[in-house]
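In the two assemblies presented below, subunit A is common to both, partnered first by subunit B and then by subunit C.
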Partner chain A sequence: MTFNRREFLATGAAATAAIGTPMILKAQAKEYVLGASLPLTGPFATAGQLVAPAFSLAQKLFNDEGGIAGIPIRFVTEDSGYVPQNTLANYQRVLATEGNSLVAYFSDSTGAMKLIAPELKGDNARLMGSTSFASELADPATHPYQYLSGPTYQDQFDILMQNIKLAGGSKIAIIYSNTEFGRDPLEHGRAKAAELGLEIVLEETTKPQGADIPTHVTKLAQSGAEHCILHGYVTGVWPQLIGGARQFGLPVQFHGTFWGMEKLIADRITAEAGPFLAGYQGVMPYRYFYDRDDAPRYQQYAALSKAMFAGTPLENYMSTWALQAMCGLELAMKALRATAEAGNELTADNVAENLSGISDWDSGGFFGGPVSMTNNKIGTGRVYEYSPETKLFTPSSDWLST
Partner chain B sequence: MGQFTQFAINGLMSGAIYALIAVGIVSVYKATKVVNFAHGYLIMFGAYFYFTFAVIIPGQEWAPEWLASWKPSWMLEMRKGLGMFSPLGAVLDWMANIPRILLGLVGAVSCNAILGRVVERTLMRPLMGQSVFAMIMVTVGLISILSGSASLIWTADAAFVPHIAPNTPIRFELFGTMIFLFGADIVNMLIALLIFGGIVTMVKFTKAGIAIRATAEDQSTAYSMGISVPKVFSNAWVLASTTGAVAGAILATRNGISPSLGLFGFSVLAIVLMGGLDSYVGCFIAAMSVGVLEAMTQWKMGGEWAAIVPYVAVLVVIIFRPHGLMGQKEVERI
Partner chain C sequence: MINGNLKADYSADERILNNRNKQFFVYGSMFFLTLFPVFADDYAVLMACKMGILLIAVIGVNVLTGYTGLISLGHGAFIAIGAYSTVIFSNLFDGLPTGILPFVVVPLAISVSAIIGIIVGLPSLRVKGLYLAVATLAASFIVKFLIEQDLFSPWTGGIVGIDTPVPNILGWELDTKREMYVLITVLAICTMLAAQNLFRTRVGRAFIAIRDRDYSAEILGISLLRYKLMSFAISAGYCGLSGALGAYFYARILPDQFGLNLSLELVAALIVGGMGRTLGPFFGVIIIMLVPELIKISMSSATGGSLDWARYTAPVQEIVFGLLLVFFLLKEPLGINQITDRMLRAINRWPFARG
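Then we have the complex of A and B:
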C-alpha cells in the first residue's frame, strides 16, 4: 500500500485526532470542585452558619496538603434554606457549571439526601456526604454514593439504650420532633428497647420549633418515665423540655442525640436560664473540640482557626456541627486522594469503592481509635454529660460501637 | 376531670398567645383590607429587639452592672439556701432581671412601632388607591426583606432571653389530680388577654377606634366624613407592630430566639380566617378554640394528630362559614 503526500497527512491527522481526543477530553482538571448546600437561612440557619466557616478552613487545609494528587480543590457552597428541593437545584446547577471538575458534594438534610439519591446515576453521580445520620442512607445497595460520617440515628439510640440499661433504667420515654429526622430511629428504638428489656412508657411527638412545652411535660410527668430520650431537635425545644421538667420537679434523666449536644447552645441556656442542664447526657460520635490533647488533627484545625477566624468566637472553638462536616470532608478527601493516587479517574464509582474500603482509619482524634466504614457509616460514639459549672461535656462512657 | 382541666388550661395559655398574634393581623385588615402575610416577621423583629435590649445591651462593658443583674444585698440574703426551682428562688432570680426586662420591653415596643410606621409610609402608603392585591403582594415581599435583614443584623445564632414574669412552678390539686402550671405562662396569658381586651375596648369606644371601624366599612365615606384614612392606615400598622413586639418577646421567652420565629405568623393566619378577618372577637374565640383543641389532641391522640386536627376544624368552619365565625359576609377574599 502506498500513500501520496496528501493521503499520508490526512491519515496522520485522523489518527492523531482519534488517539488524542479522548486524552484531551479526559485531561486532568486544573482544579477539583467540591459543592455544598448549607441551611444558611431558614429554621436551621444557626447550625448552617456555624458550619459554613469549616469549608473555608477545609479548603485551606486540604490545599496546603497538596489538594488531590497535587491538584487544588475549591468549595462551592450555597444556601438551601433547609429546603430539599433547593439542595437538589443547587446540586444540579453546580453539576452543570462545573461538569467533571465536580468530584463530591455535601448535602444538608436527610430529605435532601433522599431526594437527590435517584439522581445519582451515570455521569450525574458524585460522592455525597451530608449533615444527616439517617439510617436509611447507610445502605450501599440502595445509596451507593452516599455516606454518613458517623453512626446512624438508630445506632445512636442503641448506644443510649445500652447506657440506660447499664445505669439500671427500666422505664423510658421517647420525645421526638414531628419530622423525618425525628421519626427516623423510632421503630428500631422500639425493637431495641424490647431486646434490652426496657419499657417505653411514652412516645411523644412535638413540633420541631415552638412546641407546647407545658403539655409535653405534663404527659412526661404522667408517664412515670425514669429516662427520657430527646431526638430530632437542634437549637430549640429540648432545652425548654428539660427546663420545664425540672420546674415540674421531675427526676427524669434526659438523653440527647448528636444535634442536641452542642456546647454553644447548652452554654447559652445556662447563662440565661440557670444550671438546669446539669446531668444532661447524650451520644456524640466525635470528641469535643476542646478535648484535643490526643487529637493531632484537631490541633491543626485549632492552629488554622486561630489564624483564619481571629477575633470571632470560632477562633477557639469549633462546634460539633462543624466537626461533623469536617469529618465528612476528611472521609471524602481520603477516598478522592486514594482514587487519584491509584491512577484512576475520580468517578463516583471509583471514589465510592475507595470510601467503602476505608479500614482502620486513624482520624487524628475524631474518634476514640481507628475506625472503618461499614455500610457507608462509622458506627461508633460515646455518651457525654454536661456540667453547667465547667460548661463542658465530659465523657461518661467508653467509646461504644454498634 | 383533673387531667382535662390541666390540658384545657395548657390550651388556653397557647390560645392567648395566638390571639395576641392574631390581633395584629386583624387590625391591619380592618383598617386597610390588606392581609399582612409578613406579620410573623414583624413579630420576629419584636423578639430580636427584645433580645437586643434585654440581653445584648446589658451585656456590654459600658452598661451599668445593675442593668444586667440587679442584686441588692437584701435579695442576695434572701436567695441564700434556696433551690433553683423553689418558688421564692424563681421569683428572686426573676427580680434580678427586672431592669433589663423592662428595658427590653420598652425597646422592643418602641423599635417595632417605628418599624411599623416605616413599613407603612415607605411600602404601603405609596400604593394607596391601587389594588389591594398589590399591597398584599408587597407584604409577601416584605417577608424576604425582614427575614434577610434579621439575619444580617443579628445573624442566625440561636439565643435565649429572660422571662417577662417569674417562672415559678404552681401546683395545686383539682379533682384528685395534681395540676401543674408555669408561672410565666400564666402571666403571659394575662398580658395577652389584657392587651387584647384593651384593643377591643379602644376600637369600640375611642375616637381612633371609631375611625378604624369607619375606614373598615368604607374608605371613601370615611374620607368624606373627615377621617384621615392615611393616618388610620398608619395607626393600624403601628398597633400591629407594637402588639407583635409583645407577642415576639413572649414567644422568645418560650422558644428562644431564632429566625424560625417568623413562621408563627402563618399558623395564626389560619386561625384568623377561622375567626373572621375583620372580627377581633371571632379571632379570640378561634384562637382559644385552636389552642384547646391542639392541647386535647396532643393529650389523647398524640402530636401527629395535633398538627392536623385543629386545622381540619378551621377548614370545616371556613367551608360552612366562608367569612369565618364572626366575620362580615361581604368581606372580599383573596
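Then we have the complex of A and C:
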C-alpha cells in the first residue's frame, strides 16, 4: 500500500486529531495560583506583617481540603509597600509568569483596586478581593470582578449610627483621617445622620499619622458631642485622640470602624498608657477569634495556628485584619470550587458569577448567621466594646444588617 | 593619540553620534525598543512604560539641575500638574472630536506646567543650592494639598482621585499597554533628542554658563532672570508631558502618586545616572526602576515565592537597593553614564590605551 503526499498529510492530520484531542481536552493545570500583594513594608507594614501568616495557613488548610476540585493551590505573595502602582506591577508580573494558572488575586488597598479595575478585562481579568471596604467597589456594574469580604465603610457608618440612635444619642462628631479611606463614608454618613435625626456637631479631619491631638480634642470639647465616630485610622491617631479626650475629662462615647478595632493595638495601648480605652465601641463585621465556641471554622484555624505558629503570638490569636483576609479567601475559594465542580473553566466571568450567587452561606463563624453576597459585599456587622480589664472586645449589639 | 574619531569637516564635528560605537549603541537600542513589544509580556511592557514616563520627567530635572545647576525637590508637583491638567482639559473640551483631543490637551498641560514652573522658579533668582531645594520643596506640598481640597474636587476628584481618559490619536484608540508603549517610547526618544539639541543652542549654552558660575555668566551678558526662569519652564514642561502620559497610561490618578517620594525619585535617578549628561537620565531610570524589580524577582525565585520568606525578604530588598545606590555613588560619583563612557571610549580606542 502506498500513500501519495496528500493522502499522507490527511491521514497524519486525522491521526493527530484522534489521539491528541482528548489529551488537549483533559489538559488542566497541575496547580492553581492565587496571587496577593501585601504592605510588608511602608506605613502599614504592621498590618501587612500580621496578615501575611494567614496566607500560609490558608494554603495548608485549602490544600488539605483538596484544593480546587482536587488540584492543589499555591499562593504567590509579594510586597507592595502600600503603593498602588506596585500592586498593579505585582499583579501584571504574576499574570505574566503564571498565566492561566492564576485564578484569583488579593489586593491591598482601595487605591490599588481602583487602579487595577480597568485592567481586568479579557484574558487579564481575574477575581479580585482586597483589604478594602470602599463603598465605590461594591458595584458589580462597574467592578464586576472585585468584591468586598464584608460591609462597606458606608454600611459600617449605618450600623454605628443605628446603634447610637438606639442608645439615645443625638449629637455626634465625626473625626476622620484626611485620606481616601477616611473620607469614603462621609457624605453617606451625613445623609444617614439626617435620616435618623442625629445632629452632626463636628466634622474634623486629621492627618492619618502624627495628628495634632490637642487641637482636635479641643474642637471636640467645644462641639458638645455625646458620641464621636473615628474613621480612617489603623494603628495610630485613634488611641491618642481617645487618650487626649479622657485627659481633658470629656465624657464622649467613642466609636470606631473595622481598621480601628484590633485587639492587639488596644491591648498595647492599655499596657503602655493605662485603661483609657474602657468603653470604646466599634463596628466589626466578623466575630473575634477568641469567640470561637460557635465557630467551627475558627476552631480549624486555631488548631492549625497552634501547629504552624507555635511559640509566636499568632499561636493563639488571629488578628481581625488576618480574619478579613481569610474571609476574602474563603469567599474566593467557594466561588472557585463551585465553578470547577460545575465543570466550568475558572475564568473571571464564571467565577464572578458564582461569587455573586453566594447566598445563605454558613461561613462557619465569621458572621452571626448565614449571609449572602449582595452587590459584591456582605452588609452585616456587630458593635463590640473594649474592656481593659478583660482585654477583650465583647458584643454590645446584635448582628445588624444593612 | 585618540583614534576612531576622525572628523574631516565641520558637519562631522557637529554630529551627535560622532563615532561608530555610539551609532551602534543608539541604533541598536532603538532596534531593541522597536522589537520589544513583539516578544515582551504584559508585565515587561508595563515596566517599560513606567520607565519611559519617568525618563521624560528625569530629562526635565536634568535640564534644570544637570545643565543649569539649580536643585529642585518639587518636580513631582509638575508631573501632578501635567497629569491633572490632562484630565481636566479632556473633560473641559469634551465636545471636541476625540481623535484630536490629545493634540489640544497635552500641549495645554505642558504649558500649564511650564507656567507654574516659572512661578516656582522665582525664588531661584534670590537663593541657590540647598535653600532653593527647600523653596521648591514647598511646591510639592502645595500642589498636592490643593489637588486634595474639596473645593477643587469637581475637577480633580479630590483625595479619592479621578478616572483618566483613553487617548485617541486621530482615531487610533490607545487602550492597551502595548499601544501606550509605542506613544511613550516615541515621545521619550524625541524628548531626549530635544534635550540633547537644546545644549547645542545659545539657550543651552547660557544654561551651562549659569551652572558653571552664575555671576560670570551675568557679566558675559546672560540674563539670569530670563534664563533661570526659562530653564524652570522647560524643565517643568518636560515633567508636564510626563504627567500627561502618566494620566493616559493609568486608568486613574490619585494625589498620593505625586508625593515627595516622586520628587526624590527623580533627583535620585538623575544623580545615579549622571547629571548634565544626555544619557544620564536613561541609565538612572534603569537603575531606579529596574534594579528593585530584579532584586524582587531574584529573591522570589531564590525562595520559591514562599510567603514565609516574603515577610523577611521584603524589607531586605529595600536595604539591598539602598546599599547598591551607595555602592554606585562611591564607585562612580559622576553616575553610570561615566562608566558607559569609559567602556565606549575603551572600545573606540582599542587596541590602544584605555582611559
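Criterion: the second predicted complex is superposed on the first by the 378 of 402 C-alpha atoms of A that agree within 3 Å, B and C clash if a C-alpha of one lies under 4 Å from a C-alpha of the other, contacts with A are read in each partner's own complex, and residues count from 1 in each chain.
By definition in this document, contacts are C-beta pairs under 8 Å (C-beta built on N, C-alpha and C of every residue); 3 or more make two chains touch, one makes a residue touch a chain.
Being a predicted model, the structure only gives us computed values, none of them experimental.
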item	value
Partner chain(s) touched by A:Leu115 [first = subunit B, second = subunit C, both, neither]	second
First, second, both or neither for A:Asn178, with subunit B first and subunit C second	both
Touching partner for A:Gln49 - first (subunit B), second (subunit C), both, neither	both
Partner chain in contact with A:Thr41 - subunit B first, subunit C second, else both or neither	both
Subunit B versus subunit C as contact partner of A:Gly249, first or second or both or neither	first
Which superposed partner A:Tyr290 touches (first subunit B, second subunit C, both, neither)	neither
Which superposed partner A:Phe276 touches (first subunit B, second subunit C, both, neither)	first
Touched partner set for A:Trp361, first subunit B, second subunit C, both or neither	neither
Overlapping contact positions on subunit A, where the subunit C interface meets the subunit B interface	40-41, 45, 49, 178
Residues of subunit A touching subunit B in the complex	40-43, 45-46, 48-49, 178, 203-207, 209-219, 221-222, 234-237, 239-240, 244, 246-249, 265, 268-269, 271-276
Contact footprint of subunit C on subunit A as seen in their complex	38, 40-41, 45, 49, 52-53, 55-56, 59, 74-79, 84-85, 88-89, 92-93, 95-97, 111, 114-115, 117-119, 124, 136, 178-180, 183-184
For the subunit B and subunit A complex, residues of the former touching the latter	3, 6-7, 10-11, 13-14, 55, 84-85, 90, 93, 147-148, 151, 155-162, 167, 169, 180-182, 185, 251, 254-256, 258-261, 263-264, 294-295, 298-299, 302-304, 307
Subunit C residues touching subunit A - in the complex, by the definition given at the top	41-44, 46-47, 50, 148, 158-161, 163, 250-252, 254, 256-257, 293, 296-297, 300, 305, 307-308, 310-311, 314-315, 317-318
